[in-house]
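Each of the two complexes below includes chain A, the first together with chain B, the second together with chain C.
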Partner chain A sequence: MSRYFYYLVFVNMIANVVASVPKILLLEKTEGAILSMVLALPLGLVLCYIVAKFFNRFPGKGLPEIMKKYLPRWFTFPIIILIAFGWFMAGMITLITYSFLLKRFLTPDMPLVWITAIFLLFISYGILMKTSSVLYTVEFVLVCCLPVIFIIIIKAYTTAEMEWDFVKESMMYVYRLPTFSALAASTYLLLGGFNLIIFNRFFTKRKQKMTLLQILFLGIVAFGSLFTTYFVPIGLNGFEGVETISYPWITTSDALRLELGIIERVLFVFLILYLAVSFLSLLIHWHVSLELFRSVIQIKRLKWKEKNLVPYIIIGVFWIISLQLTKYLTEHQLTIYTSYFFDGLLISFIAMVGLFWFILRRAKA
Partner chain B sequence: MKKRLKGTWRAFVILFIVGTLLIQSGCGFKDIDKRIFVLSIGVDHTDNKEKPYRVILKLSVPSGSLKESGAEYTYLIKESESISTAIRLLKTETDKELDFGHAKVILFGEEILHHDYREIMDFFLRRRDIQTVSWVGVGKPSAEEVLTAEPNSEMAGAHALFNYFDQNGVESQLIVTTYLFDFRRRVLEKGIDPILPILMAKENNKRIDLNKSIVVNDKNEVFTLNEKQTAIYNLLTNNIERLDIRVHNEDVNFTVAIDTANVGYQLITEQKKKPIIEMDVEMIGIIQEADMITNPEKLRAYSNATSKTVKKDVLETLTQFQKNGMDPIGFGVRYKATRLPNNKRNQEWQSLYPEVEFKINVNATLKSTGVIE
Partner chain C sequence: MPLKGKKQVNVDEAIVGILEELKLTGDVVHKPLRMDDKEIELLYIKTVVDGDQLHQLIIKPFFELGHLHHVASYLNSLPNQQEVQSQEQILLDLTKGSVLVKLNKDLLLFDVKKVNTNTVRETSVEPTILGPQYALSEDLATNINLIRQRYHKPSLTVEMHEVGSKTNQSLAVIYDQNVVKEGVLKEVNSRISELDQDIVQSTTQLQRFMNNRTRSLLPTMMATERTDRIVYNLAGGKVILLVDGSPSTVIAPAVFFDFMTSMEDNYGLYWVTKFSKFLRYLGLFACLILPGLYVAATSFNPEVFRVELALSIAGSRIGVPYPSFVEVLFMLIIMELLTEASIRLPKAVTGTATTVGGLILGTAATEAALASNIMIIIVAAVAISTFVIPINEMSYAIRVIRYILLLFASIAGLAGLALALIGILMYMTNKDSFGEPYFKIYFNQKRAETGDNPS
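And now, the complex of A and B:
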């Protein structure tokens, strides 16, 4: 596959750390979180493979175009709206989680709504960009951030305070049966490939291929990512008591100390880095969401100076919903709803595979 | 005309965005000259039931230039029912905003450990601005005395306590460093007990000694480690690589400087047998000081003597821990980490630990007699 496909997958893998994935997993630490992660790995890879394979059949086409071509309109419309809404929620979770984080750690004196609004301001500009520009942004920011994130992870593994006995203690729970919410949360790491439903419009140039070697590569990265997400917080914060931390990874990064670094407290470096990565994640998800909405909601008459106003109206709705939700939700509710969202996501993505199969059958016929 | 209009529109949007930036800086950011930095926080226990906590904040006094000022600190002290109430009251005693972002040392009076120190720990963890990489210690005779001590070697802007703990300044086998997050995980985890360094103010608060440590177990019992036990603890947890050991041999007494040390242990429990902890200590070093001319051909013999001494010390220390029901090394965690959970591993270990037999193998290698023989 083109390297841009990997970026889409990687952003999900990295951004999950600040979303509620580690928290959900750690809540299940004595209830089969480990086996869930083990199961999530092949499941996620298979889903990833299927989606890549499917879109390789239709180079340069997004899901809306494919569906419009092969499926009836009454069927296409609700499905696309549903999917778009799902992507919107995914972005929203990142947005609200990160606004909470900023409020807690970086700008405690700023009103929460302001923080969200500033985020939204930049995002609104970002998601209106062309699909290719979005991908270039993703590449650039990732290339800047990945090395530093890598250093922080290496630091976490090599610090003297990393207590492997705690990690081993948690591994003793490996025989517990997996739970659905842990499975769903850990599969989420690998679902970045599904962004192809819009971003496939960009992959036009040559025939893309998904080989076994590439899947293996993704598998190794996903394994490392899952392992780090779950075990590093345990190793640094102890096994009993790790689940009572609101933001496991933020506290974990605060336990690291770069004695001779420019900034001693890794926490701040970490927050800034993840600000960038969360921004990317939000950008990707909402770009997909916006494009999906746009593909089905077309009101030709709504024009002002030869510009169609529909996308602006959609963004306005995005603003209102996110500002209201930020005001309404508490941290605890956010974790719980995120967990429900992940559960729903896994089921609907498996359903989406069914949809792909249906489309392929229609296409052949 | 139309193009021109578009240009103005764009300029307006840009101006608007720049304008919002202006509002941002106004909505809560306090300038550095309106802040005063807390360097360390001390909490003592008073016997007053109404106001059980005595909070001491050590602040660095801002000064115009580094050259003119000596080491100037000021202190805020308040007794209250909780730490946050004390801090709220203290805020009114300075003209600036108290900034905890640089508070890197947290000291407890020893009395605190006998009471509910978990609540106090909770305060420090719940606040976002106090680093979890700040060092925790116990002040003797009280946290206040240690914090108000101003050692002669202290320089402006360089809090002496920071240098003690930061392994950049002084490096010693006798200093235990415990970060706040480490303290937390040890308190919450059954099977490993928190250990804190003891800081002792001496000579009219002109000197601070830091060579003992204290362990607290789950029942709020404390056990003080002396210098030797502290060094052994540091050795056993692989915290230090360098340490000095005094060895008494038949013909020659000497001190060994160890520069590489590695410790590992295994926990063996078998049915109807005493549980065994088998510990291997590997050390490499040189002779640093001797009361006679040393014979390089007898290095092997010296090594054996060193091994024997270390073995004795380690055994003594571990037996002391065991007798007092303390587990700062985390044998309990290892026990849980090597067995499948059955929901009562903690209780099992509680009954097993007093029975444990220690088997210690020390392998010390002396490479040289130093610059002279």
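And now, the complex of A and C:
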């Protein structure tokens, strides 16, 4: 696959470290979180493989174009709207989580709505860009951030405060049966490939193959990030009571110190890095969502100075919903709803694979 | 060459018509040359024609050659003869320095221009230590000569256009036929034909007229005066635009990284140039974020940096009466004014400006408690690192972007600064220069990344 495909997968993988995934996993620490992660790995990889394989057959085409070609209109419309809404929610979760995070750790004096609005301001410009521009942005930010994130992770593993005894303690629950919400949350890390439903428009070359080596590479990275997501907070914060921390990874990074750095507390480096990565995740998800909405909602008469207003109206709706939700939700509710969202998402993605199969059948016939 | 299908009456009429058009011009010369039965007429504008050359080329041979048909065949075989198409074209060429010769029933046109701007100047905008020391001249022919002298290939193509509906300046489009990208060339040509400006005097003006936008911040064409840069870009398949009378060229397409390269990067040793490149990007980054970072670190998140640093910043700000963003804005604006002043002022007065400015930016501002000591260091660092960017237009653009970052840092602290940086990045990735993405990372071979299918 082209390198841009990996970026899509990686952003999902990295962005969710700060978000609710570790929190949900740690809540299940005595209930089979480990086995869920072990199961999630092959499941996620298979889903990733299927989606890459499917879109390889339609180079340069997004899901809306494919569905419009092979499926009836009455079927396409609700499905696309549903998927678009799902992606909108995924982005929304990142947005609200990170707004809470900023409010709590970086800019406690600023009103929450104000923080969200600043985010939305830049995101609105970003999601209106061309698909290729979104990918170039993602690439550049990732190339800047990944090395530093990598160093922080190495630092976390090698620091003296990392107690492997806690990790061993958590390993004792390896025999517990997996739970669905833990499985869904950890599979979510691997589902970045599904952004192809729009980003496939960019991949116009035919020779995009998903080889075994590439799957293996993705698998190793996914294993590494799942392992780090779950075990490092336990190792640094202790097994007892780690599930009560509202942002396990933020607290974890605050346990690290750069003795000779300009910035002493790793927390701030971490926050800024994850600000960038979360922004990317939000950018990708909402770009997909906007493009999906745009593909089915087309009102040609809504024009002003030669410009179609539909995308701007959609963005306006995004603004209103996000600002209202930020005011309404609490951190605890957010975790619970996120968990529900992941559950629903896993089921609907498996349903989506069914949809792919159906399209392929129609395409062959 | 005769005016096609016209009789002698029309040739006479044409001359009368031309004289009618030029009758108010004091420097027109209309002179018949006569000897025995030979007779020709000369018509030219004295001030744009090279008198010596005219004498050598036309007047002297006329009196030396025996018969009128000798003169005719001599004149018709001169290499600087020009085509005669219409009365308007003759008029235009006369103003550029051509001589019109009436020979029997024919009108002949010769290019005997006098050019005073063909001195090749030393590089002043982009100096390098190694590499060629001479830049371009202000004469188009000389410039093309300079380029051809450095690029010996038959595939080098020079297309001539005319721009400016009032001044009719010549514009040369130069490219290497073998490596140029068709799409870019087509785009350039179509934008040139869409130009509807009265006056085009400088090549760099094209930059603004040709980017299809009324408002833009970042340059999408690169202006340069260096011949080695021109040749380097020609070989890379880019298109060079040259306006007569301008000592600089513009290169299209140009992506962000082009503006951060100095030609010196090709001449030095590997690690040395890598280091200087690193310095340049560090400078870019520093001059972009330092002002914003200062505001964020003093007013929003003093806890981010080491405690000692936070304390020393706070300590040096004792007595500064207003919030940090006013302080930064105040010092930055004074610094910008100084830069502007030293560019625009006549050379004799510049010294005064810098001395006075140096006093303000130096100790006086801190002693008056208008700015903290650390602020002075930051302004100095910003000023110096702005000049590290090799191409002028880009450093002007960066100057403006700095204030956008400062604004968002003042609104939302460190988070605002980071988001605004990503915002600027998005603005750049969303731009394109003649079909090429303006900002993207090039990992693969150049051809693989710049094709129509970059995936």
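Going forward, the second predicted complex is superposed on the first by the 364 of 365 C-alpha atoms of A that agree within 3 Å, B and C clash if a C-alpha of one lies under 4 Å from a C-alpha of the other, contacts with A are read in each partner's own complex, and residues count from 1 in each chain.
Rule of thumb we're sticking to: contacts are C-beta pairs under 8 Å (C-beta built on N, C-alpha and C of every residue); 3 or more make two chains touch, one makes a residue touch a chain.
Because the structure is predicted, anything quoted here is derived from the model rather than measured.
S.K.: Quick one: is A:I321 in contact with chain B, with chain C, with both, or with neither? Answer first, second, both or neither.
M.R.: Neither partner.
S.K.: Just chain B (first), just chain C (second), both, or neither: which does A:S2 touch?
M.R.: second
S.K.: With both complexes overlaid on chain A, does A:T107 touch chain B (first), chain C (second), both or neither?
M.R.: both
S.K.: Considering only the touch criterion stated at the top, classify A:I220 as touching first (chain B), second (chain C), both, or neither.
M.R.: Touch partners of A:I220: none, neither chain B nor chain C.
S.K.: Looking at A:I299 after the superposition, I want to know if it touches chain B, chain C, both of them or none. Which is it: first, second, both, neither?
M.R.: A:I299: touches no partner chain.
S.K.: With both complexes superposed on chain A, which partner does A:F239 reach: first (chain B), second (chain C), both or neither?
M.R.: After superposing on A, A:F239 lies in contact with chain B but is clear of chain C.
S.K.: After the superposition on A, what does A:I347 contact: first (chain B), second (chain C), both or neither?
M.R.: Touch partners of A:I347: none, neither chain B nor chain C.
S.K.: Which partner does A:K168 contact after superposing on A: first (chain B), second (chain C), both, neither?
M.R.: first
S.K.: Shared contact residues on chain A for chain B and chain C?
M.R.: The overlap between the chain B and chain C interfaces on chain A comprises residues 107, 109-110, 114, 118, 264-265.
S.K.: Which part of chain A faces chain B closely enough to touch in the complex?
M.R.: 30, 104-105, 107-111, 114, 118, 121, 160-161, 163, 165-166, 168-169, 171-173, 175, 236-241, 251, 254-257, 259-260, 264-265, 267
S.K.: Over in the complex, which chain B residues touch chain A? Could you list them?
M.R.: Contacts found on chain B: 17, 20, 24, 27-29, 128-129, 131-133, 166-168, 179, 181-182, 184-186, 188-190, 238-239, 330, 333-334, 336-341.
S.K.: Over in the complex, which chain C residues touch chain A? Could you list them?
M.R.: So the residues of chain C touching chain A come out as 300-301, 303-307, 309, 408, 411-416, 418-420, 422-423, 425-427, 429-430, 437, 439-441, 443, 453-455.
S.K.: Hey, which residues of chain A end up touching chain C in the complex?
M.R.: Within the complex, chain A touches chain C at residues 2-4, 102, 106-107, 109-110, 114-115, 118-119, 122, 125-126, 129-130, 132-134, 136-137, 139-141, 143, 202-205, 208, 262-265, 268, 272, 275-276, 279.
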